[in-house]
Structure formats: structure tokens, C-alpha cells
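In what follows, chain A forms one complex with chain B and a second complex with chain C.
Our next item is the complex of A and B:
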């Protein structure tokens, strides 16, 4: 038996205790694999137009039909997660990463730092996410870096709050006091004493924020402030193909089902981890 | 003690509002390049640019402009639209009325529906009604508003033809005219909003039904419905209040997407137009209004929770 057998057994038990988490992770992994291997899977180019084959229903050659420009909808659906996944993943890593550090710092320092941070967070949280993003997009344009940055700023405060609440109780415990008494600074204390205890909370936060950021990024693309037109993107595809919904419903339903599978997967994973580790996920459910 | 809590919460809410308006203002100031030149285009004469700069007070420092804006805003003057040249408050007011109508329907329908379904799912935990309701609400919160709206249009406007797919009325349409076309946008928002509240209500009902005082009430021989409605539900509603408040505030964002899909003449449609036209005063007003809605909803939820739960009335003795 190898040394990591207990870890493997623990993982197995975790999955068995919550089959929905397994389903969730499989859905997310499937979306990630399809996005990565889209060039191998797609039967056609996602941006190659063909005026002669425009607006066709599903057929042997085009399983989901074609859009107004004659592009193969299936190929575009397979490629369609790339933009949203890349942007959402970057923004989620940034939001959860920065949020975790600031949340721990607030719980560790307390006092005026904690108080001032809370007030600023309240203010950022009070502006509805999509409104904040629209303001930023108006000012700085709809480039990918701008959207990543804006989504990070918008979702960071909620992460800080949740992490701060989780770390708050741990900072008061004896072993943290002992570490501080030994003269250890914020960094070693956070990495060795606090981090292992809030890992579960951070994992749930990650899956949950990711699902909301995917929602937000797709909504922006749908409204015309995200992916630029030739890019195959689910949100953009729904807005493009909606007008011919009566003729080729599969061209609208395809991207909707793909997008929903990704977000359902992320939500199931978040639920599963939260349930397995006894975290009250919904109570911390700030949008 | 109760008065002090109310005053403290209200004070925090006002501070949050002030900071939020400062944030929105700062974000809009980050506009690269000269605003006047951008608005007028490259071919504008220097005198026209100078005149617009003077009208927008761009020659003053940013902090001064913020204070000017704030001072005027407190008197109900949010400046003039750069496009229609009307007072922002007057312009937005016409659209706001329509959004208020939509929101009223969504809030009433959404809360009723989600509380009822949440209680059913919670009471019949792990049986088929629960699986159905929980599954549907998971899907409801996992699909963006634009997909819910698109699917509703596909079924009820295209296939069945019961409702129009887009609204053709302008912002000044009468309530009667709007009432004929409001149902699909209202349904889309209700579905997404209800999904979250159902989940919260279900969890909360399960928690309360498992508590000792409910068991005690049962042992005393009280009927199931009496235990549920008189003993369990009042407590189960408490944690749900906050989620409802957050969801009402979230409506402000959801409304932007849904209104644009149905071309419903509300504040969301106005906002998207302001984004396209770079109509900053209108944009600023709507963003601050969104923040105000959030703050007020949360404040009301906090105060209601304080009022309903005696333990929260004194901060020192909080459970």
C-alpha cells in the first residue's frame, strides 16, 4: 500500500457520501475537457461562414444545424466555453485569492483595519454586480482584461466576508495565539495555522463564485459587452441565434444546454463539498 | 436599546450609500481621455469642446465635482442627460414607474411562490415533491436570466402565441397597456428569484422542524398543521428575510438583462441605452439608485429581523 492510501480512501468516502458532488465535478471536468480539445472534436471551423448553408435545421452533416452565416452550430457550441471559462477562471482565482488573503488579514488584525474594510466592502457590495460591470465597461471598454478585473473587484468583497467570518473564530484559538507569541508574523501564521482550517470554506467559495462569474460573463456577452462577434461564445450565440429561434431552435438550445451544464455542475460541486464538510453554504450566499 | 440599534443600523446604511456613490463617481472618472472630446467626436470645434467642458464643469478638480454632484443630488437634482438634455430624475422617472410595476408583480409572485414551495420541500424532505422542487430550483439558479427569458419566449410567444415576444410600448404607455405585455418578463424574473429563496426556505424549515421546541409541541399532541404554521414557520422565516432582501436588490441587476430582451421600457433598458450613448449622468444615477435599493432592502430586513427576534435586540446578548 502506498503512503497516500488514506488520502485516496478519504476521497472515495467523500464521493460516496455525496454522489451529487461527483456528478457536479464530472460535468465541470467534461466542460473543461471539451473546451481544451475543441479543435479535435469540432467537425467544422467555428468561424468559417458558408452562405449557401445558412439557417439549416439539424442534419447528418450539421447535427445542431447552422446559423445565419452558415456556421456549424455544434462546432461553435464545442468552442463556446473557451472564452467564458478562461475569463471566469482567471477572475475567480483572483477574486478568491485576494479575498482569502484580505479576509484572513481582517480577522488577524481586527481593530480599525477590519472596521474600515467592512465599510468599504458594504459599499462595493451595494452596487449590483451587473450594474457595476456595465459602468466599468462604459468607461474602459469591453476588453477581456477589463472584464476580468471588474469581475474580480465585484466578487472579491463577498469572498472577504465569508473568509473573514471563517477565520475569525480560528484566530482566537490557543494555537494561533501560541504562534503569535512565538513571534511569527502574519504570513507564516496564515499559511500554517489559519489556511488549513479554512480550506473547505475557500473551496466552496471557489465553486460558488465561479458559477456566478460564468453567469455574469455570459450575460455580458449576451448583452453585447463581452466576447466580440466572430468569437464562438455561448452567451453571444444565444443572442445571435435567438432571432431565428422558430426555424432552428437547436441553434439556441445548444448553447443554453451547454452553459447550464457548466453552471449546474459548479453548483452541485459547491453543494456537495459544503454538505460533506458541514458548511452552511446558503447562509453565506450573497450574490 | 431598540432605538439605539435602529439608529446605528441606519447610520451605517447612510455611510454605505455615501461610499457607494463615491465609488461609482470614481469609476466614471476613470474614463480615459477627455470626456468632452469623446462625446463630441474628433471633428468637434475647439470652442464647442471648451463649451461642453464648462457645462460639465470638467475644468474643476474631481473632488469638487463630486461634492457639487452630491450637494445637488441631495436636493433631487441629478444633472441633465447628455443625450436628451432633460433632467435625469424626470427622464429616469418615466422608466422607473414601469420597472416599479414589474418589480411589484415579481416580488409578490416570487415571495408567495417560493415560500410555499420551500415549505413543501422542507416538510416533505427527501421525498419526490422535495426532489422535484429542489432539482428545479437548482436549475433555476443555474441558468442565466437571458436563457430563462429565451426559453419562455420560445414556448409561450413562439409556439403557443399567448404573449407577445417583445414589448412595443414606449415608456409612457398606460398601466393597462403594460399589463398585457408584462407577464413574460415578470415570469422570467420570478423564476430566477424564486430559485434562491426556495433553497433558503427549505433549509430553514428543515432546521426548525428538527429543533427541540417543535418536537415538544408535537409531544403535547398539537396537530401537524398547527405546529407548522404557529410554531415552526415564524422562526423559519427569520433567516429567509435576508435572502429575500438580497434578492429584491438583485432584481435591479436582473431587470437590466430581462428588460433588454423583451424591450420592456424600464430602467434597465434606459441603462443599456445610457451605456451605448455614454450618457454618464444617467448611468451614474441608475448605479447609485441600484446601490440605494440594495442598502434600503438590507436595512429593512435587518430591522425586521431585530423586531421579530427579541434576542437580536440587544447586541450584547446576541445568541
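Our next item is the complex of A and C:
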């Protein structure tokens, strides 16, 4: 009971000390809530076409206008985050999760394992992310699982690097030595001794990678390798509606603003956490 | 009453008058220094001593016009050569720091920029403060390096800080401070973290600098022994006040303040066997209690001590000194510290617990004809209920041996056997490959309690982990945990605290509780008290001894502090560069004036040079420890005054048995060793 009160106060102080983090988290939460409650919020079905009401500007009935097929842009914007968010969240959880475990393992084991892993990472990191993804999607097809897998593989190495650097400093400390002397294996050592001390770094990594992956997944949709029509998706919507940018600008700007709010939010959150906990975002380690 | 240092004819270098400093915490001012007055004259040396948290470092900073962020002067002034350094304008402050005061911070290694050559640090000061040309500045830097006794100064100026040993870095920092030709040199904890031999060398250097340059020294230290060797005046600080000041020799012989008495009685000494009883309690953190701040810890305290104003510093009748105590006459009448030593009980030989035979650890990746393995051919026996000390300078392989026994490192060759239990257990295996009962029996206690505990886990968590090795869960584990906490003198309530919420001494107690909770038979204690204040050190040593008695434990006690070893150990093994030089009962090995092996002799002489009231000269031997063992022969050959050509550098020295269990490894017969170098 007494442990909760200081925790609440600490959180409160943390938010007060970093308003940018608060703004970021609110933006991300807003996007998540909208994506979850889209069926309740949307005035129309996102895929229902209406040939008579196609390409209309904003009006009382359609606040953001309609697209070429007469679908309500607002409803599609509200639904449009679902695909990107789901895929990005899955890919981020996988990339950060696997990255954290491998990064800790490399720092813990050192020696040949660390060496071999580092060389593999070098190889993966030298390939541009979007190029690798396009190749994978072209070869394996554009299903959601393929994109998740590809995004994970592309972003995992960076996470491993950062986590390894942070964990390296912890592994040398006496309390980890004490755990080794007790004969504890990698798993309890990581969960109990290393993980709580690199949590800050992992949180920043999570927010940062999430923003990159959202951008990547939306870019793929924009290029036609992501969501398939008629799925409402921001990237796809920008691609579909950009030709009538001059006629109904809101149909393009709507998804752009929505996507931007999510990415800006994630970046602000990452920055805020990093600043509040004294983490160097570039080096990844503790300042 | 002002602390005056020393004779009035000399130039007054620094004049601190009624200085009070406070920092802001929340909405309150918390005083750090209260009414401190000091006068320092040219050529004098003043020691400022006390436990951590007594305001020593704040005073040292104030002398060079630096206060930590958030703190401010609430009263008084610090006048350096007539100017108040605390209110000086920026250019004036820089001028004062360039020419009048020099500062050597704690941990000199961290104060040097790693990417700058050490010579460049000095040249920088010479060029800005004394306007020298690059060539002259370089020549002067070499000269300064020679002055601080750095070997081969012409070559050393072009080295980077990491290529130097700790003692050498310390000397470079002193050279940097001397470059501005200061009249006053302030040194914050100048000997902390240095080996005994290096420490004696650095102290001898201070003495020479003072004589050669006529500068005033202020040594801020918790190491009472170190300062007594160099400073003729001492100021003892407690809770931000100077509580006693005076002539060092007199103060040490007969302290007039109970706190000084307590500090001195906490100090283990080489000449006095047994553990010091020490001083109970801790320095009060804010706010200041009424009356004397020391009253709660004081055995002389009477009811009037806890009321009214804090006692003022008044001169002690009949001697050159002052004390801030209401009961000075009673303190002076009481016998000095000797009575406060807990005598060491002679212990009967027990069955062996740990046997190490021919242990060799080699870190070298590829064969190197110029050096030998890090640890070579070490034999050790630890019996039940016995404390065996491993002593030597840093780099002597003490920790490597402990880590190998703990299963954190594989030995290159040799046998390590744990003889407790039904069958002897092989300890050359890594910890993870050992049987849980064997893992439980061997426990480590670390030097730095701060890094030995996970900052995100509570004390209770740390103690509970090893209980799993005993198969205890839930309720049984909680009971055992509370019992372990009580064993080390903490409350069960401490279990919920995070390490940051505990004091240094309490953290070390948690570290000990974690080791004891596993139910060990053998405890490997790696420099466990060297990071603690003297009073805390004494109580932790007492605790370790009690636990040994109570649980019938065998200790492998690693330390570079011979006085501590003398207090707690039964037998000593002296290591030099990973080779055993001498071993035997503590009373026979650590003989103050006729140690047998030349290396032990050097160690003992270095310690004696820093022991209060001894005044022995620093040993003449070269103070720089070596880093790599020679490929063949005796490890100590390069520093040994008895060296025999063609013998010591070729053949491994033979064992010479001297007495019951006491033997040395040396080519020279012990009679000749005792007679002194040829």
C-alpha cells in the first residue's frame, strides 16, 4: 500500500518534468482509442460505396468529404489506423522483444556468440530497410504476416545493438557476478538482475522503433505492397486520393494528419522518456 | 577560538572565518558547514578529518572558491591572500585559482581528460596561468614531473592517463595543481584507493613538496593514519563543525573530544593485535539536534549535552589545542584507546575446509616469453572457524584467486577442493556446474556494497535469492530472511528498502546477510571494509568476527590493509604478482620490525609510516607496483634489495620453514634477510 503512493507521485513528477512526453503519450493513446472504438465513432461504413456522392468536399454529412467511390473519408480515417497499428504493434513487440533477449544474451555470454551475432547484425544493418522489405514482399507476397516478419527482421538488429550496449555495463557489476556465483542461469539473471536496470532503454527503444515501423508499414501501403483495397488504411488512402488533391484536399490531408499525429506522438514519447530517465538516444546507454 | 596553523611570523595563506554553508533541500536550508574558522600559514600542513557527511569536502571546495550547485554561504568568509574567494568576481577568482590555490580532487584518475596526454594537462596551466611559450612550458612540465617524482618524466609527458598507474595519475594531478605555483594546495582524499606502498610514497612526496616549495597543505581525508604522517596540525570535523583541533601528535596521544577518541579507537593498528571496538551510530543527517550533535553517540554525554546551543570550540588547558566538548576534563582523564580493543582469541586447529594446490591462472592469450601467468602455483588451506588473509598490492592476483574459488573463472591448472560434507567437492568447476549444496557452501562478499546490490531490487529480495539454494520458499524463506537481517544487525523492516535508501554500512551489511543467508561454510570476503568509514569499518569487522564464531565459518579474507588483517586474521598469505612470498600465523608474519620476506618487510614498513603516532620514515624502495610478473625466478626480484644475480632471476625460490607453519619463499637465508641488505 505504501509502495503505491510514492510510485504514483513519482509518475506524476515524471510527467510534470517532461511535458513533451505527456503530449506524446496522449497522442498515441488517442490514436489507440480511436482505432479500437472506430465502429462506435464512425458515422458511415468505411467500405460502403455511394456512386452518387463521389468526390464531394466537406459538408455536414461528410465532415472530411468523400473519395472517388463515394466512401466517407472521416469514417475511413477513423478506421485507417487499425491495420497500421496492429501490424506495427506486433512487429515492434517482436523486434524489441527478440532484440532485448538477444542483446542481453550477447552482453551476458560475450565471447564467440557476441562476435558472431555482431557480424550478422552488421550484414543486416547494411541493407536499406525499405529495399529489403520490398524484395521480401515481392517474393513472398504482401500478406500481413510477411510484413510483420520482414519489419521485425529489419529493425531487430538496431534494438540488439542498443540493448547489448546498455546490458554490457550491467553485466560487469557485482550483483550480476553474485547471481553467477549462485549458479543462476541466463534467464533468471536477465529477468531479475539485468532487465529492471535496462527497462528505461528498452522503453525508449520501443517508442522509437514503433514510430519507424508505423512509417514503414504506411509507406508500403502507399506503394501498394501493404493493405489491399478496399481496406481503410492511411497509407493506401493517401495513395488513392492524391490524384484529386486539388479537388478534395481533405481526403488526402485527413489520413496524413492522422498518421503524423501518431508518429509525432511516438517520437515525443520516446524523447520524453529518454530525457526523464537520462538516456542518451544516440548512444543508447545511460548518460 | 580559531584553529591556528602554525607560527604567527609566517605568511597567512588562507583565513577562513566563521564560515557557514547550507544547501537547499525542499523549502529548507540544510547546514553543511557551521561556524568553521581556520588560519593556514605558509609551509604548514593541516589535516581535516572526519567520517563521510561531516562537511570535509565542502570545506575543501570552499578553500578554492567552489561550492556545489544548490549550496550557498550563509555566513563568514574565506580570504585567500586578502581577497574573499567566495565573493570574488569571475576574473579575480580565475586569477586566485591560477596563482594562489591549487586543488587535487578525490580520485585523480577521473580528473584527467582521457584523450589528452598527461603533459598537455600541465602545459595548459603553464601557458594560461604563467604565459609560457609552448617549448618552455614543455620543459617546465618535465621539471614538474620530476618534482613529483614521476619516473622518466621526458617519456611520461607524452603518455595518456590510462597508460599510468593510479599512483602515477595522482602525481600528475598534483603536478597540474603545482603548475600555477600556488601558495596553498588543497587535497581531497589524496590517499583513498592507493596501495599501501604507493600511499607511503605519495605521503613522503607531500612532505618533500612542503619543505622544498614552502607551500601550505590542507589534506582532507578520512584516513587518520595517512594525515598523521604528514600534518603537524589536525582539525576534526563532525556534523559540519570543527570539534577538535590541535597538534597532531598530542591529539592522537590524548584526544580531548570524545569523537576524536571514537575515531582513533575504530582504527585497527598493526602494532596492536585484535579488533577495534569502534564507534556506535552514524553521523546525524539533517536537522541538527539541540545541543552537541555528537551527544547521541557519546559515552561521556550527560543530560546537559543534549540541550541549548552546540558547545563552542574552547582551548584545552595546558596544551596547544581546542575542543568543543562540555566534558573535556573527563575525556582527558579517561584512558586512551588501547582499552577499546577486542582481544583475538587463540583458536585450536580445526579440520581443513578448503584446500588449494598448485593453483595457476593464466590470462595470456598467446605465449609471451617476457612474462609469466597471473597467478602461479598457489597453495592455500582454510580450516573451519579460521580467517586466512590474502594480502598484497592491487594486481597481486588476490581477487583472481577468490573468483576462481567462487567458480567465476576456470583455473589453468591446479586443484581446489572443498572438504566439508561427505565427499570432497571439486571447486575447479564453474559455479553453474557445481552441485547446489556446494554452491551454497561457498559465498562471496564484495568490496563495493553499492554495486554489489541491484539498485532496482529491495534488500529483502537480495537476501531471499540464495535461500532458494537451501530449498526454502515462501513462509520459511521469509523467516530465514528476517533471521539473516537480524544476524547482521538490521531490522526485518529493512527488507523493503531499496539499496539507495540504505547507508553505506547498511548496504555492506545486506551484502553480508546475502552471503550468510545461503548457509555457507566458506566465505570469500573481497576487500569488504576498504570502502567504508573507519567507525563503520570497525563495526563490520566485529560483525564478521561474530558471524564466524556463531556459524563456525572459514573466511578467505582479502585485503590490502595490513592493520585490518592483523585485527581479524589467524593466518596470512602474502602474495606478490600472483606468487606466494610468505605465509604463516599473523603474529609471526606481520611483525612490525622484523618481517622475514623482503616484500612483507616493505609492506609492513609502508603501513607503519602511516600509522598514528609512529612516525616511521617511508620505506626507501621504489613505490611503483609492477604490473606483469617475470617469466622466471622470484616475482619480487626487480624490487628486492637482497637480489642475487643469476639466481633470483632464474630459479623459483625454495620454501624456507621458519617456525610452526611460518615459511617464506626466498633464495636468501632468513638470517641474512633479518640482518638487512648487504
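Heads up, the rule we're going with is that the second predicted complex is superposed on the first by the 278 of 287 C-alpha atoms of A that agree within 3 Å, B and C clash if a C-alpha of one lies under 4 Å from a C-alpha of the other, contacts with A are read in each partner's own complex, and residues count from 1 in each chain.
Following the convention adopted for this analysis, contacts are C-beta pairs under 8 Å (C-beta built on N, C-alpha and C of every residue); 3 or more make two chains touch, one makes a residue touch a chain.
Treat the numbers as computed from the prediction; the structure is a model and nothing was measured.
In the superposition on chain A, A:268 contacts chain B only, with no contact to chain C.
Once the two complexes are overlaid on the shared chain, A:182 sits against chain C while remaining clear of chain B. When both complexes are overlaid on chain A, the residue A:129 reaches chain B alone and has no touch with chain C. In the superposed model, B is the one of chain B and chain C that contacts more residues of chain A.
Of the two partner chains placed by superposition, only chain B is touched by A:119; chain C is not.
In the superposition on chain A, no contact is made by A:33 with either chain B or chain C.
Contact residues of chain A toward chain C in the complex are 3, 173-175, 177-185, 192-193, 196-197. Looking at the complex, you find that chain B touches chain A at residues 12, 15-17, 19-20, 22-24, 27-28, 30-32, 138-139, 141-147, 150-151, 153-154, 158, 196, 199-200, 203, 239, 243, 246-247, 249-250, 252-254, 256-257, 260, 271-272, 274-275, 278, 280, 283, 286-287, 290-291, 294-295. Chain A makes touch with chain B in their complex at residues 119-120, 122-132, 134-140, 211, 215, 218-219, 222-223, 225, 235, 238-239, 242, 245-246, 249, 252, 256, 259-260, 263-264, 267-268, 271, 282-283, 285-287. The residues of chain C lying in touch with chain A in their complex are 406-408, 431-432, 434, 436, 439, 442-444, 446-448, 451-457, 462, 465-466, 469, 496, 514, 518.
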